[in-house]
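Next, two complexes with subunit A in common: one pairs it with subunit B, the other with subunit C.
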Partner chain A sequence: MSISRAPLMNLVRLKGTPILEQLHLEERLLRASTDNWCIVNDGTNVPTIVMGMSGKPSQLLEVGPVIKDRIPVIKRFTGGGTVIVDKSTLFVSLICNKDDVPSVQPYPRSVMAWSGSLYGEVFEGVDGFQLRENDYVFGDRKFGGNAQSIIRNRWIHHTSFLWDYNVRNMAYLKLPSKVPQYRLERDHTEFVCRMKDYIERSDFVEKTVKAVGNQFAMKEVNLEDIDSYAKGEHVKSTRLLTMEELQEAMASTAQSA
Partner chain B sequence: MALRMWASSTANALKLSSSTSKSHLLPAFSISRCFSSVLEGLKYANSHEWVKHDGSVATIGITDHAQDHLGEVVFVELPEEKSSVSKEKNFGAVESVKATSEILSPISGEVIEVNTKLTDSPGLINSSPYEDGWMIKVKPSNPAELETLMGPKEYTKFCEEEDAAH
Partner chain C sequence: MIARRIWRSHRFLRPFSSSSVCAPPLLAPYHSQSFASPKSRPFLVPCLSLMKWCEGGGGSRSWFSNEAMSIDSDAGGGFIDVPLAQTGEGIAECELLKWFVKEGDPVEEFQPLCEVQSDKATIEITSRFKGKVALISHAPGDIIKVGETLVKLAVEDSHDALLVSSDTPGNVEPICSQPKLDTLVGALSTPAVRTLAKDLGIDINLVTGSGKDGRVLKEDVLQFSGQKQNVTDSAPSDNPFIRGDSVSTSFEDQIVPLRGFNRAMVKTMTMATKVPHFHFVEEINCDALVKLKHFFKEHNTDSTVKHTFLPTLIKSLSMALTKYPYVNGCFNEESLEIILKGSHNIGVAMATEHGLVVPNIKNVQSLSLLEITREMSRLQHLATNNKLSPEDVTGGTITLSNIGAIGGKFGSPLLNLPEVAIIALGRIEKVPKFKEDGSVYPASTMMVRI
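Up next is the complex of A and B:
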């Protein structure tokens, strides 16, 4: 009789790693590694705006204040919307071989549903948690934003969790043209909530690792050892927008006003 | 299965098509939106792209099965004209439902035309995956690669088995 073993998942714990570095690492591990990865980053170093692959700064950002206050703007390799992250944000990223999660089809809604079920374990006992459309919410308030990238035999699902937020930072973001139906016409502060009001930070991290560990055999890997797991060249599409690009975005906003 | 066979023969007898195009492509079956449509006359990759080979030009897009599973496409990234594509290698991406999904080329060749309508109307991939939602046209560098692709019946079975496995 054969005993099936849970597939291996490498766990990388980061603290305060710059979000650009985290995203570069994720893109590298997705494209150049064949292992499964869980990356947890406890905060990033400076407030940073992160847009999805198709994001246009002129449509999504108040570009003038962004330039004036020198807020870095990143375009990431996954889809989804725009967030502003900082030292209080918690990041959890899951990179999987599709064959190691056979119940999940490598398509957005299937991966999203699987993630909702996983975090349902994390937030068991916390009132009102659900995956609503493509967001994690308590009730009707969003606290976790998701994005994915799906390649031939692998996918990444990563989340930024809004532990706390600075209302002033929210002001750098415009109301996007595409919003989930449940948002109705609420502005940022009416639409989001602070995760810290619902769960302890260390509790969340350990429960997440435990929930992932219910499906995978976990192995901690240090960042310094990543090179041995991800070799060779790969497409690098995550990048910091240049000042010229932001200024062009501001000019095009002014022209269409 | 019997229902689909009936639908297929009925569709063929009635010469039903999923569009008003002049391409003379017939659905292998298309009874309702519960089933993704698979067209005769095309070749299919197991990564859910289709190829229509017409003389020295091959048109490539993603299948109805793929667009249905991806959800509403909101952005498409395509290569430049005169660039090269390689069999089973990534040539572009679509964004849908928070995800970027790469598109693999079923064959190798040179890109001779790109569907620029997809820039402003990415939803054509959902509404018309085999017609207006075409992505690139390629001059094949190795036409023998087309023989390695699936025909409509084989691809239909492949999709059924893939969906049943999950």
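Up next is the complex of A and C:
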């Protein structure tokens, strides 16, 4: 009788890594590696806006203030919505071979159901945690979203967790046209909440690693050693928007106003 | 019989994930590698083709099926429509982000063709077959409905493309004899025109295009549907395009999507109707209440406070709840338990221009009348401006619905789940009453429905 062993998951712990660098790394690992990866980044260096793959700045951002305050805007390779992240944000990304997670079908709802139950373990005992529509919430206040990319045999699910946030930063984001039903037309400050009100930072990180460890055999990998895991060229979709693009967006907003 | 059953089940399943049906597949149908695993792929795909061929129709292609595939030629090679397959329950459309191939490119099996985005995920769509890109139907930025063709591939080996295996019933035969190349490639048209044709139930490939390069235009589709209507004596359709020559545009239906509170309200009220309701109606003599309100008004020192009946009624309710705690309970359907709530968090239904909302006043048992009045005023103000916080609208233990405020005698309220009681208050009216000796006296009364 053979004993089935848990599949291997490489764990990369980062701290304060710029989100653009983190996203480049994730895209590289998704496309050019065949291993499973869990990346945890404890905060990013500067406040940065991160939009989903098809995000349009004129629709999602208050472009004027963004340009004036020189906030970097990134378009990431996964779908989903727009966030503004900073040093207090916690990032957790999971890249998996679909065959290593056989209970998960490679489409969004299935991936979300799996991640929802994984974080359910992390937040066990914390009142009100659930995956609601596509968001991680306490009660009906969102503290983390959901973004994925699904390619042939692999998928990535990553989240930026709102540990704490600066209300002023939220002002750079417009109310998106597509919102979950439970949002009920609340604006940002009444719709989101701070994770720090519910769990200790180190607690969250360790419990997340432990929850992932319940399904995978974890191995810590240093950033310097990544090259040996991901070789060859790959499509690079994640990028920083140029000033020209932002100015164009502002012009188009002004036209349609 | 079987085909009909399958058709029915297909129509039921169409908007939902294909993983809900399991049956042995007849032959592995076309599917994108990135989507549901083989065992969740139902047999409705091959059976759909079975149906299509049973119909005996000429190239009526199904644009709706999860992984519909059509073969237009039984000669050595063939063309395959690659549709946007189901990406998950309820996802009806995706945005096309980019192509990895262009027309004329060779493709290998499992080679990525394009990337699409649904709400939360970017998804790569890979080719099931080896072949060549014949026709790209959409441009980046287009919104594509599930089931619509993304790209047409020319495959060399017809065995690859053949959908149904040889052990299916004998009425399966490729129908098209010798299609011309332009028919094979399919009608040239924009996605909007294709959608119109689909809505009208028309196979766009049967429509003669009057546009450039034989492009099918909107007018062509409309004209075709008009001809079809004349020829076939079909049941009257309620599609306005087909109804007669001149369509009146001045009395059109207007679709109002429900949003916000209204949307939430529909859902919660629908759930409430599933609960058995018991109604009790009584008339309450409110003379004393009227006097009290008058007294407060006369002796009001704070101009920001406006005195109404409601705070007193709220406080009275709280005092009654102290005597009858079961009425201040919450029912847990799963465990069949009633939780007797310690706090009296009395909800007050408010009609705002954004919809019906029920904020509640917390811990009424510990509040004075003045405190209740102030809190009511605060909640009313927030509700009117659509600024209620989740804290304000959750945690209620019983609800008051003040129908009287808008002028009714009677209301028939629905429970605000998971509460177990709701009280509708009618308007306070002065009515004549009879004493024992037959003389008439006025009384202020209020109809109350619990």
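The rule is simple: the second predicted complex is superposed on the first by the 257 of 257 C-alpha atoms of A that agree within 3 Å, B and C clash if a C-alpha of one lies under 4 Å from a C-alpha of the other, contacts with A are read in each partner's own complex, and residues count from 1 in each chain.
We adopt the following convention: a residue touches a chain if its C-beta (ideal position, glycine included) is under 8 Å from a C-beta of that chain, and two chains touch if they have at least 3 such contacts.
These figures come from a predicted structure and were not determined experimentally.
After superposition on subunit A, the partners subunit B and subunit C are seen to clash.
By the touch criterion stated above, A:103 is placed in contact with subunit B alone, subunit C being left untouched. Judged by the touch definition given at the top, the superposed model places A:53 against both subunit B and subunit C. Using the contact criterion defined above for the overlaid structures, shared-chain residue A:184 touches subunit C, although it does not reach subunit B.
Residue contacts after overlaying the shared chain place A:141 against subunit C, while subunit B stays out of touching range. Touch criterion not met for A:75: it reaches neither subunit B nor subunit C. By the touch criterion defined above, A:207 lies against neither subunit B nor subunit C after alignment on the C-alpha atoms of chain A.
With both structures placed on the common chain, the touch criterion links A:149 to subunit B and to subunit C.
In the superposition on chain A, the residues of subunit A contacted by subunit B and by subunit C overlap at 52-54, 77-80, 105, 107-112, 134, 146-152, 155, 178. Subunit A meets subunit B in the complex at residues 52-54, 77-81, 102-105, 107-112, 134, 146-152, 155, 178, 235.
Against subunit A, in their complex, subunit C makes its touches with residues 17, 19, 33-37, 40, 86-89, 91, 95, 97, 110, 112, 115, 117-124, 126, 259-261, 263-264, 354, 386-387, 389-390, 394.
Put simply, subunit B touches subunit A in their complex at residues 47, 69-71, 74-75, 77, 88, 90, 93, 95-102, 104, 162-163, 165-166. Residue ranges on subunit A touching subunit C, taken from their complex, read 52-54, 77-80, 105-112, 134, 139-141, 146-153, 155, 178, 181-182, 184-186, 190.
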